[in-house]
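The structure's right below; bear with me while I get my questions together.
Letters A, B, C and D mark the chains as written, and numbering starts fresh at 1 in each.
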Amino acid sequence: MIFQSDNVSGAAPEILDALARGMVGTAVSYGADPATARLEAALAEVFETEDLAVLPIATGSAANALALALLCPPWGAIYNEAHAHIAVDECGAPEFYTGGAKLVGLAGDHGKLAPGDLEDALAASGKGDVHQVQPAALSLTQATECGTVYTVAEVAALAAVARAHGLGVHMDGARFANAVAATGAAPADLTWRAGVDILSFGGTKNGCLAAEAVILFGRDPAREWEAGLRRKRAGHLVSKMRVISLQLEAYLADGLWLDLARRANARARRLGEGLATLPGGAPIHPVEANEVFAPLPATVLAAFDAAGVGWARWDATTARMVCAFDTTDADVDHALGVARAALADTGAAVS
Amino acid sequence: MIFQSDNVSGAAPEILDALARGMVGTAVSYGADPATARLEAALAEVFETEDLAVLPIATGSAANALALALLCPPWGAIYNEAHAHIAVDECGAPEFYTGGAKLVGLAGDHGKLAPGDLEDALAASGKGDVHQVQPAALSLTQATECGTVYTVAEVAALAAVARAHGLGVHMDGARFANAVAATGAAPADLTWRAGVDILSFGGTKNGCLAAEAVILFGRDPAREWEAGLRRKRAGHLVSKMRVISLQLEAYLADGLWLDLARRANARARRLGEGLATLPGGAPIHPVEANEVFAPLPATVLAAFDAAGVGWARWDATTARMVCAFDTTDADVDHALGVARAALADTGAAVS
Amino acid sequence: MIFQSDNVSGAAPEILDALARGMVGTAVSYGADPATARLEAALAEVFETEDLAVLPIATGSAANALALALLCPPWGAIYNEAHAHIAVDECGAPEFYTGGAKLVGLAGDHGKLAPGDLEDALAASGKGDVHQVQPAALSLTQATECGTVYTVAEVAALAAVARAHGLGVHMDGARFANAVAATGAAPADLTWRAGVDILSFGGTKNGCLAAEAVILFGRDPAREWEAGLRRKRAGHLVSKMRVISLQLEAYLADGLWLDLARRANARARRLGEGLATLPGGAPIHPVEANEVFAPLPATVLAAFDAAGVGWARWDATTARMVCAFDTTDADVDHALGVARAALADTGAAVS
Amino acid sequence: MIFQSDNVSGAAPEILDALARGMVGTAVSYGADPATARLEAALAEVFETEDLAVLPIATGSAANALALALLCPPWGAIYNEAHAHIAVDECGAPEFYTGGAKLVGLAGDHGKLAPGDLEDALAASGKGDVHQVQPAALSLTQATECGTVYTVAEVAALAAVARAHGLGVHMDGARFANAVAATGAAPADLTWRAGVDILSFGGTKNGCLAAEAVILFGRDPAREWEAGLRRKRAGHLVSKMRVISLQLEAYLADGLWLDLARRANARARRLGEGLATLPGGAPIHPVEANEVFAPLPATVLAAFDAAGVGWARWDATTARMVCAFDTTDADVDHALGVARAALADTGAAVS
């Protein structure tokens, strides 16, 4: 089922080793342990600032929902690209955590919002009208749901619009590593320096077992205390916190996270380029991170199924294929071979 | 910090090994993987029935809150012993998950509810009065917050009262293994055969890293679907589900869970018996599982702190000490030695 | 400010009289009073069935939110026309009452949904996918937000699609009287016989002070009990219930409600026809109930403001003018005169 | 059914007159009408300050829940006397509005909290511990649920404890008029000067039809905006707001509210004194406002039922009888006569 999603992948050996070593013996619970302290230091280094707070958490949905609840009251509106995970893949987790906020989906271009569209939406938002929910947050997905990546300038432009209207800025970084690897930008430049308030920093899709972190940029004891209470109340304060911290510590050590992401991105590029040579295989979105979206013919999809090559339906005409850190060139070439053979059987001209 | 809580302990090697082996390579996500299937089979065997459904989940608070939300509507009341973890240690997680239900704490005896008291409370509950929240669930903690254990007959008697009044029955089994080890009763007898509808089956406090399961007794597709949606919405549907399932599978294999619990219980018994020989050290609750509650003098507590012996304040006059699967006889004897020396220094007559 | 909305109108004298007479002396509280019983009987007659339950309530937003909470769980989706009051004018009340459900706005034609569009939306809804909110309810607005009216056949066709997919059907009838008056259809035909499960039956906009009723079609004690508890919990169980019941009783007596609605509808027709004769005044939606939407030039709107003629901005290019039971022909003619004069001043050719 | 509750009473004629006059003709909706402005001015005068904001609302439960939601986050705790209406008579409305806060009931003396008990409870509250809900608000009921009244000094002492611990102070004044009438204290002294942040100012139980006001002491635009959004979202922003404002305006005019309360209080005193002369009739709480609690024998209660004299069961041994503004001396004497006759029939010595 490789290619179905990056969450079908296993865990990176370095991370498993860290767990095996770090989970022996006692450690203070609930985050006061040394591994969590080391993780905080590592993130401070990666993001080039001590002015942040970190909440390790087990899932990306929880990270997103928690972050949004910190930015948006029950009567608030959260602006997002229409395909955003928070809007269509979390069964209403943001609504649950916020106490009933409303998500406002805007059409994007290859999954990316445009500042002008956000500006227009906010102008029509009913701000100040007690009959309407009040604009509260912008949520950007980086890398996007369409496998593209915001540049630093693009993040900054969107965040500037949001901030000018008093909105907080959240970044869903379930695939943040892939975006950093793709852009080569500094994590700080892609986030707080560009105006991001809270980042859902993902590890699970890129070699961890189950490890994410909510990163709050800008120290604010009241907000951090609220974050801690919300996390606890959501059942997400893992008692043996080092379980998550150890994973993320190993993930960050020696740039492993970016190595893993580069591998996944490279495989996706190879896959996209290969598909592009096939009739009907050209990706519909630029392949910038680790995902490929292509309008593959039914015959190819059937052949994938028969051969155990994973894929997921994206919409009526498009298949999504995702590469992970442990996808190999051979996996990619196998998929391409299956596709080529299927098309050859149907007489299509395969280059 | 040993004795501070059972969640300062590490993970059992068998469980770490299972993770190290099982997290390599691909597996279907969101619970359709082989490890989760094997876990379900293992739990069916342990509970002697196929008529159950299993939701692996990362924390006990989430397991409890999810279970209670399945049993109690927003306008419902949940009856529990006044010290219950759901009432005093989860920052309102049950209120959050249920959408605002009310917890009604009843006084217990050594942490255990009495059927007559439950009967009285239900008689005064305002059932059928639209102005009052409506009785919906009973939550029992097994082992209890006071380190005692309900017998099969005690569970059955309480569940019978609850069911006669139309309440669902939840069991918070964060320390279920310790209770099974203590009573020697069959898990089935302590739960569904005694009238328990949903069990929070704990692993974390007894050798797992972060692994619990919500077990729904009696197949009910509508309830299971609701449970799945609630879990997802709470951010608790771990994508690489095998992370949890592998832990619990190893936990159950060859009776490991009960071996670990027996060790913890034995250490607590040794600790309790040792303290009982000291002036002011006699446990205030029967030591039936892995916790000891004793009115230790300040001098002893100070000596513990100085010597790095863990403990936690239970109330103004009582200290709680908890043993885990990896607490050793030497750890216990060390603590007893520190206590004895502290008392000797003060001139107390130490037996 | 006449024409700004139908809620700037006063109360009908018959209704004020009923209050003045009925609020003297004692009556059992919380709905067990004779006036409420009489109201129930009157609604049974109007809707030609005893098979309904009635919850008087003070506002339309509360009626809608309560109805939707009965039809839609926290993880559900409610389908509605994009302009629906529940979506854009209630500050998230449905999200609050449901515990975080999602409203899905579909584009309509003059405010009316088409069965095919609903069918398409439901086909793409992610039903059965645990990652997505689950379709639960259809909410129709009758008369619509665009001043149009669904025919019996149209309601039935939409409800049929909804029911085929397992959705409950809600009708926001804040202007139900206007719709009945416009169509001449039997209330029963427009609601339960067409597949409507719950009706928000409005009185406030049509001559009451503050009086609505949630009407549950089909007796179901469990649903009614839940409805009662939800109403109480929302602070909407008015203790001196007769306050609302007396209003609605007088509203229904001798067909007053339809007389009042016919007056409002006639004034709107007169206004629409008058505006249609002016340059740029032609209504953009059929004037079927008591609202007129016209792309009035800024000069006219400024003249309205100067002359104290009410109107409300609908969107960037359209003004909304609403007639109430107490709007007079003279009011309409005055407004038209102001508009005509404003246009004459600008040299526009006024017919 | 007189005496069953003060909400079985009708409306005062002055208030009905105000409605009949004020509800004719148009007025701006949603609170921007002249009657609401006049009400605000009247309350400013009554409370001797312009430094307040007013939200008219239809029910006392909504007023309380809204006030508490402003003072207490979802993870907060609200301290109240154990019998408080918010805790036992509102079906969890505070939990609903706050998003799942916890109510902590403390034992009172004749319905009144003692500062020392509040201090003790707060000391044991787990403030600062992420595992526990955080103390956020104190809610006082004035007059209390036991028919007693806090003095100015008592309110101030309790509020001082609350404020010293960072809690906001709410007063449930469903019977505030009765308390003012009983104490003779200035409304300002009983509220903001004593440390009350938000008052639920009741009208319904004392001669209005359905009219309360949430009074926020101390102008704070952000809090007022939040209050407005919360009210709207709860379906409590009455469109024809003057419906409520007119009632309260008439209620306050010329001291009507205190006249009405004095009548009710006087009748209760007469009733209490009368019952005190009967065997088993002595009130168990001081009769300071308009309620009488007496351990009336079953034979008396049966006679009441037979004679149509209202009462309500308070607890297993106590009946509650409530006087309203329209209860007459004759009503009281009739009830006493029925009681006396019933006791005479049983051979009891009636003084």
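To be clear about the criterion, a contact is a pair of C-beta atoms (placed from the backbone, for glycine too) under 8 Å apart; a residue touches a chain by one contact, two chains touch by 3 or more.
Just so we're clear, the structure is a prediction, and the values are computed from it rather than from any experiment.
Simply put, of A-D and A-C, more C-beta pairs touch at A-C. Farthest from subunit D in terms of Cα centroid separation is A. Averaged Cα coordinates give subunit A a centre that lies 51 Å from the centre of subunit D.
One simple way to say how far apart two chains are is to compare their mean CA positions; for subunit A and subunit C this gives 42 Å. Of all residues in subunit B, those touching 2 or more other chains are 30, 74-75, 90-92, 96, 99-100, 130-131, 229, 232-233, 237, listed in ascending order. Across the interface of their complex, subunit D is touched by residues 74-75, 88-92, 95-96, 98-103, 126, 130-133 of subunit B. Across the interface of their complex, subunit C is touched by residues 30, 73-75, 99-100, 130-131, 134, 225-226, 228-230, 232-233, 237 of subunit B.
Residues of subunit C touching subunit D in their complex: 1-2, 4-5, 7-11, 13, 16, 19-20, 23-30, 57-66, 90-93, 96-97, 204-205, 209-210, 229, 232-240, 243-244, 326.
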